[in-house]
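I've put the structures underneath this note.
Look at the two complexes coming up: chain A is in both, with chain B in one and chain C in the other.
What follows is the complex of A and B.
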């Protein structure tokens, strides 16, 4: 008996030899967590969409590293003069991975599923607790509430979409991962379980999902676009940021996202690794509450703007991936105003402006419109976000800058839900928050915040002329005209010092040097068909 | 014995009720509106209201608790808020991975902890004793996540001997029967997968075993010292029995009783430690699952899994109590 145990032990030790290298032809990507599910229409998170973008295609897609839109399943399109009728010509001979053809009927079916609450494949999702959240957000709602008034097949491969009013970001919206086209037959077959059995037209076909471990995809040999360079894709779920990096260094995975800011230099210093930055699509800001009397004085807001040393904050606290923000739109957007000059960092100027505004001894107390006085409190976020990766440290640095100019703010935070609640009800006098773009359209940044002047959610900021410019830009379809209006809007926002824009961040990704052809996109829509593993 | 087991089981009822109440209150103790926390900064008020209704948060609190209890009795732990899958099904699917890891850890802890404890006690205050005591102290105070990262970095990244995580290599084709991968691989005589699974098990098991190993070693030492000073040991020695027999047959058997209690308690700590270990080593058991659910604010899973872990803990402790009688014939329950 004892002898056998020993033999077994020895055998066990012998068996546990050294690992062989990962098989070639496979691209292993380290994800930050588990996908929610793989039905693109009902998901909202980046972990799930990283996978669905490989399995499905949308009518149009973002080109390379930009948010410009180019053909995908739709080969070409035209829009009527009034901007309301869009006609898409679909690519011919495209098949879903289950063999069914992609034609106008399939596209119409997908739109009806997203749009009509009585559609059986819409209704069953709602009953199961899922929502078509992005359809609602981008196209105004369901059924009659939607900006879409009809979607018809006018030929075997021609789809006509009629809108009630022109919608400028229409194409950019269609390129979002949520509007990927799914196989109607597969959705009908699986119902609410479709998210576990995804079928699209994309470069990779779904093979298996091992819960809490990995999702396995296989190259689709019939893919209509650039043929995949690897045979398999494995997306592994590695929760811990440091451990994901360890797996990359050990050669178990080829690429990853979700680097700790401090690990950026580790990757830069490793000869076997390369760092890629995703073009920024996120902006962190400080907002004023305009029910606070003091903040209604523009000179005071200018004093804040001159007091902050944004460059120092970005350099010290963003791990080398941050950028100083001069405006709300990040530089990757086509409405970005390159001419805009940022406020100069100058505590002296800030003190001077404070004096002019009637606070020669600085500011430490505020007065609400109803006359209530209280100490000035600067609220900071309790949770890390891409735009403010270390909110507490960043808030401390900003408070120190303000103090140098004579503005004494107490720092305070609240649990995330409470924070968002207070912000929504306009109860925070001065707070930090930010935004990450959805579709690469400037409207998605500016209009959400400034199209409804005086909203409590936006600290009651009232700027009617700005809202007019943004609403006008929304009603146009020509990009050049719209871009001019967005540049103007940013100028107006800065002239009024409506808000303080602090930083953009470029989320870092790390890859093995063996990986070539990974193209990062501001929206996170990255396609693995161009990826090679040498 | 039978009557004792029944009586002992009855005491579980108030304990489990207490646990259920505690687990139930989680969702109400967290500041802020859970629905809003789950949905994030872009949630519309309608959506928040909908989720509140879905969670039953719009009902009076005592009613919510009774509904919750009623469901528990029917074996309904609710459904995941994020994915909609029944919690119990997912729990049972992931539990084998945790059991496999915890078993490996406890085996390692016993295999090394008891001999270390014996050696320390027998050669008290020797170099061996000092080293093992310092080692045990370090082990008890070791943060598992740090140790896990170091193990993965050293054996995975630097030496590349062992994988840094997961149960199997990427793309391993294997169809488990019971989700106890090692058992399944052995049953299916799939030696490649067995070897792969064992290689993946080593680092997380070592990380998880550290604390119980240290605790068991310390307990064994203390307990052995006490027993070794008893008169019957002197009698045994005086009889001229070889030292090995005295230590292993006469002393150890009595010294193991308190160790058994500690092992029982350690099972609870193992389950708690598994949350960290599994997260670090991407081990797909309930620990990783709970961690992910905490992050995504999936209260149904956090509640269900907490309750389950508590029940396992209580059950293991009861088993330990019952085992006493088997190990020590002097103990009678009446």
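What follows is the complex of A and C.
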């Protein structure tokens, strides 16, 4: 009897050995931090949305590695000739993970929650300190301020959305992670706690969130789309970039984002790892505060532009994944202006311009409009972002370039939230920041920044003609016409040296060679249902 | 009267032979210990570097960057290699000596003077002054020193001067406690009572008898505290709260470079780290040696 057991065991081991390892059932992804919460409507950060994109679907989605829109929960749609009435046909037989059906009523309920400030599930979020920030930014505001005038269910699976005016990027907006459709029943059940108990229609359903450790998801067997290839997804929080890479090398995780630029070559040189790049969709810039008298002089701004050696910075500090930026839009966008020529790097020219502007001995002190003088401080970011992966080093390199041309700036930073706050209130005289596109539309880059001339958060930059061009481009629907206007806008922005655009980046991701089928998307919206771990 | 005090002191220091000052004897004892000699050597070397480097070599940190020379391993031209902006690490470590050591020494000097005076006052005046002062010191001591320093800098803003202030503040209570405890013990000693009974003024008593007797433990504490302050300054620099870029400060240099561990550029963090370690070691060895030399009881 015992002998037989042993023989069986040996046979089993041999069999397994011959059959080779079975495909892994779990995909572990290393994230850069802790998600804020998992209610897509009120989050804005990439760490949270990486997880919510697996749990929920939106009406339409970005196709593969592009920002072109394809059907998701909406099977097909049509738009009226005036561009104001959109009719969506929803996919039939789709269920939320809590068993409730996805129908027109559920979609309308979601829109009303985002849009109407009196909606109970909107109001309670506001009271809890949350905001529906993206709805406001993409659709003009809440209630009557919104560009949306009605959302109705015209059949059990037909939704009609009426706009007050045509909005060119409307469909692209709907594919953003914030407009993922949540289960109305679950939101009503959990209220402001819904972000800890997410329920959608997506390829994975939520299992557990271990604070400061990981979020665990499992495959949704009823998923309407491409069925997940792994049983579980674990998104593990490892804050430090080097530590995360060490975990990847040790096989504790299968993939990660947030690679130190200098680790790109480490990943390339490791036979067990592979490198994937997200198509570029991000631009880092330096902004001037126009309440500073000196910066109102265009010659001075030109001096800055000629002083910086962008090529050297991009080549040395981006790990080979960066590109020199000539304008705000990254080259992947259809409004990109190929004709634009960059400022030549020439310290001599910069010094000359400084002299013309009345600073023969260089610039080290600034004067605010109210007469207050202070040393010139160049604010650098305390946190690494895709557009400035190592902000302190880049800032030091740029400050050295400026100093060589006679512009002596002190470097200073602040905690990230404080930094963004100071920027929003127009308190930073000279600062670095950037933008990652959300929906692949040039409007999302240019209009977000320059459609409100004189806004404090944009350093009081006042360029009315530029805003007019951008608003006109937003109201048109023909892409060729719009592209022409965006190219013109970039030219105007460069002629005025309104801002200094430094670099675009193709953010690098690292994976184990065992991982197949991960598709990077410029917006960072990536779905794990195609991922396979061998 | 001071003759009596001197006589008392001589009795208290049995190792001192007649005709030699206590300081001279202590110095001799210090040099007799190889460990203390090593500490003294390291400390003097760092002090020399800190003083001579800025005098002999001009360094313009603001314009120092050459991205074409980035992350080059140590060679003849750059004995310590270059950092992530192509800056010579040797030059920055040497110039960093003045910043890091200067920060350590000056913050401890401030703390030592303020702390010991407060302790003297508390111990000698006694009663209410003692209660209030020591209560304040206990509050400061209740927090871990590094945490308190971080909190202070977070409140008043980052920078070299503010971190100097924070480090001095957190080092004060130790001095106050040491000097107070010595004063309390001395007050009961016969020679002090005698001097007081003979009508010596408070000020003179403090200056001639009590303060000199406080010095040995305070000196020992100071050398050890400098080591702590250098570490503290490095910690603040590491967290981005101390010296601001591009100032060459060891802790900040370490913070900027530790992430190159994975890409194999060991020299960028090794040399600033070694400078911190060596200088702290030097002050600690010297402090240990001084304690042995200044406290004759340990030799009995």
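Throughout what follows, the second predicted complex is superposed on the first by the 356 of 534 C-alpha atoms of A that agree within 3 Å, B and C clash if a C-alpha of one lies under 4 Å from a C-alpha of the other, contacts with A are read in each partner's own complex, and residues count from 1 in each chain.
Operating definition for what follows: a contact is a pair of C-beta atoms (placed from the backbone, for glycine too) under 8 Å apart; a residue touches a chain by one contact, two chains touch by 3 or more.
This structure is a prediction, so every number in the text was calculated from the model and none was measured.
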item: Which of chain B and chain C A:210 touches, first, second, both or neither; value: first
item: Chain B versus chain C as contact partner of A:412, first or second or both or neither; value: second
item: Touching partner for A:131 - first (chain B), second (chain C), both, neither; value: first
item: Chain B versus chain C as contact partner of A:246, first or second or both or neither; value: both
item: Partner chain in contact with A:192 - chain B first, chain C second, else both or neither; value: first
item: In the superposition, chain B vs chain C on chain A residues touched; value: B
item: Contacts of A:400 with chain B and chain C, given as first, second, both or neither; value: second
item: First, second, both or neither for A:316, with chain B first and chain C second; value: second
item: Overlapping contact positions on chain A, where the chain C interface meets the chain B interface; value: 242, 246
item: Complex interface listing, chain C residues touching chain A; value: 62-65, 67-68, 70-71, 84-86, 158, 240, 244-246, 256, 258-265
item: List of chain B residues in touch with chain A within their complex; value: 30-34, 36-37, 40-42, 47, 54, 79, 81-84, 90, 93-94, 145, 148-149, 152-153, 156-157, 160-167, 169-171, 191, 194-195, 198-199, 202, 279-282, 284, 288-289, 291-292, 295-296
item: Footprint of chain C on chain A - complex, ascending; value: 241-242, 245-246, 260, 262-263, 265-266, 309, 312-313, 315-317, 382, 390, 392-393, 395-397, 399-401, 403-404, 408, 410-413
item: For the chain A and chain B complex, residues of the former touching the latter; value: 12, 15-16, 18-19, 22-23, 26, 28, 33-34, 36-37, 128-131, 133, 137, 192, 210-214, 216, 232, 234, 236-240, 242-243, 246-247, 249-252, 414-418, 420-421, 433
